[in-house]
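Below are the structure tokens for one structure; questions will follow.
First chain written, first letter: the chains are A, B, C and D, and each begins at residue 1.
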Amino acid sequence: MDKETARIEAFSDGVFAVAITLLVLEIKVPAISDTALATALVRQWTSYFAFVISFAFIGIMWMNHHRLFNHIRRSDDTLLVLNLLLLLGVTVVPFSNAVLASYLGTRDQRFAALLYNGTYFVIAILFNILWRYSASNHRLLAKDADKAAVDKLTKQYAFGPALYLACFVLAWISVPASLFLNTILAIFFALPPRIAAKVTGTHA
Amino acid sequence: MDKETARIEAFSDGVFAVAITLLVLEIKVPAISDTALATALVRQWTSYFAFVISFAFIGIMWMNHHRLFNHIRRSDDTLLVLNLLLLLGVTVVPFSNAVLASYLGTRDQRFAALLYNGTYFVIAILFNILWRYSASNHRLLAKDADKAAVDKLTKQYAFGPALYLACFVLAWISVPASLFLNTILAIFFALPPRIAAKVTGTHA
Amino acid sequence: MDKETARIEAFSDGVFAVAITLLVLEIKVPAISDTALATALVRQWTSYFAFVISFAFIGIMWMNHHRLFNHIRRSDDTLLVLNLLLLLGVTVVPFSNAVLASYLGTRDQRFAALLYNGTYFVIAILFNILWRYSASNHRLLAKDADKAAVDKLTKQYAFGPALYLACFVLAWISVPASLFLNTILAIFFALPPRIAAKVTGTHA
Amino acid sequence: MDKETARIEAFSDGVFAVAITLLVLEIKVPAISDTALATALVRQWTSYFAFVISFAFIGIMWMNHHRLFNHIRRSDDTLLVLNLLLLLGVTVVPFSNAVLASYLGTRDQRFAALLYNGTYFVIAILFNILWRYSASNHRLLAKDADKAAVDKLTKQYAFGPALYLACFVLAWISVPASLFLNTILAIFFALPPRIAAKVTGTHA
């Protein structure tokens, strides 16, 4: 049985690794022109911004996937399909990222930000479905899975869709505010849990 | 011996993962123009349609590959070559997908749909060859392989080419009908087996 | 120790898988025009020819890499570097392939064929260096490695550079003859060893 | 616990493998024109130069990553984040490489060389942070980790940022000198340690 989740993890790692690395293809080399290279590079700051945020979010998703599959020990057809749906979402990120990088600063930036955060919102929901399917009645977990740890994970994952929904709604009001919240989220998720707990006043 | 199929699986997973993620490169970011971004994105709906169907089919192929190699335990040179032929087919999918996405809605859409379903038809045949080679006389299976399960798998896989051939033939009559059948197949394969059995009135 | 070669193999599998899948990006979707899609697709037959041959050769290299690392059990810094040099060669194949696909049928096709076979010639030499380094005095092999099998492999690998050199030299005389020999080699390597032995009158 | 670092290594291998293979996409096939193919290929020598140096540096980074994770046996959230930061750096290399390949020989080549070496400088610092975090008080090392070997590694890694900083500073004075030093470094790192020690008169 362990062998089965091993191959799901290997395939998922492959998709995550390709998707996160393809992001860099969106950062274009400026065409040689009268403009100095440094100036031309600075002008496409939206590409770097989108790249770093998207890299952080795909990285965070990989960490979450990794964390879930530390608990998920068995596999069935439904898990395979739910995992493929999740990877479908991850694979779309380079596209949403490219749209954001291209349209930030244009009159269509709101729609680009909505698409961008909408993608993450859908992925966050798919994460919840995958986890709840696996964890309900400990369907696919180890027999000796720690009930408290499982329940805590279930609670934590419920926050994901809410946070991305906040970014999505905020994009209707103010695109910069929405992207600022994206940035805060990326930094926050990257903080070691102990520091993050101090910042929010919660306990791990 | 187990080590040998482990590396075949790892390499195959890599090819599947790269091929399924490359699909997204076909979805182009609309050039900045007078058209609103939302309108421009809606206009390229053929790209999303082809992307989702192709993602589903490559995902299903990966699941099938995974399932076969749960039974295949030993390796030989013929298996390596048959597996490479299968991967050759999988690698062509991003191209067939790109042709379909570009030509759907043009006067050449019939040929694009034939090429698209022809690719899957060939892959389905290659799956059958690989499996029949491995399973005949239990050549490469575990010594204690369950004969009933093996025979069932052989029967199930025989359906694949027939289904894709149906899509292929249907494309001569009506391209929309053919693509509709593709969609139905993708959804059907993704359904948990118990629900799928209820829909068709068969028993697992 | 086993862990070390495991990671070399995993990384190499990744490079092989990405390189073999990137080949498909060279097959371009014809621009929508007055020409029928079928005609436009037939016209770029050089892309399909190059794709299939290159896929076969990268696949064969992967099989050979796989075979060598069935014998190589230990690792050292030199092996890591030799393996990286080999992967450098493999990574160049998509470029040589793209040049061949673009220039076949033009007045520069000879140079394209020389570059193409030159790439494989260099890779074949790198394979020999890696293997001879690992096998001499059984430096990195299992302690109980079968001396006869090792010597046989050493002899077999010595043929690789000679065969690709023949293709290279033949390209000076006749490009079609050189590519015909490439095709024969790809088919021959893909034949199950027993049939291949019959064709050549040798014994495995 | 071992399982955890296994998946970090698998994901990292994937990113390294994709990044190192994507480098080849920067080498463009010359457009068919009146210029002979050979001449056109020679003219884009900067692409090959950048490709080989970048391949060597990503390869060296992979070897270093591999070496560190021979010692790192446990994982925590901080390691996951530090490793992702490191991979972010690695993923940027294909972009820095493309800028260097395009701008070498233009009046902007200094900035391109600064960007190129700046990328490696940052990655070298991230390597040090990751290692020092893991090794301080043997936080994530095996319990029986060899203190002398660990201290030696810590000393060796401290050199990395200094060397890349030297390339960076040298680029202000002379771009060719800076790239020459890059080349020397790539060759030096690739030399078997015994020969490297002889060249520098140090002992392993």
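Assume contacts are C-beta pairs under 8 Å (C-beta built on N, C-alpha and C of every residue); 3 or more make two chains touch, one makes a residue touch a chain.
Every value quoted in this text rests on a predicted model; they were computed, and no experiment measured them.
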Same or different: at the subunit A/subunit D interface, is the fraction of residue numbers used by both copies above or below half? different
Taking CA centroids for every chain, report which one is farthest away from subunit A. C
Return the distance between the CA-based centres of subunit A and subunit C, expressed in whole Å. 37
Where subunit B and subunit C are represented by their mean Cα positions, the distance between them in whole Å: 26
For subunit D, which residues are shared contacts with two or more other chains? 10, 13-14, 17-18, 22, 25
Complex contact set, residues of subunit D against subunit A: 3-4, 7, 10-11, 13-15, 17-19, 22, 25, 77-78, 80-81, 84, 87-88, 91-92, 94-95, 98-99, 102-103, 106, 108, 111-112, 115
Where on subunit D does subunit C make contact in their complex? 9-10, 13-14, 16-18, 20-25, 27, 29, 32, 36-38, 41, 52, 55-56, 59, 62-63, 66, 69-70, 190-193
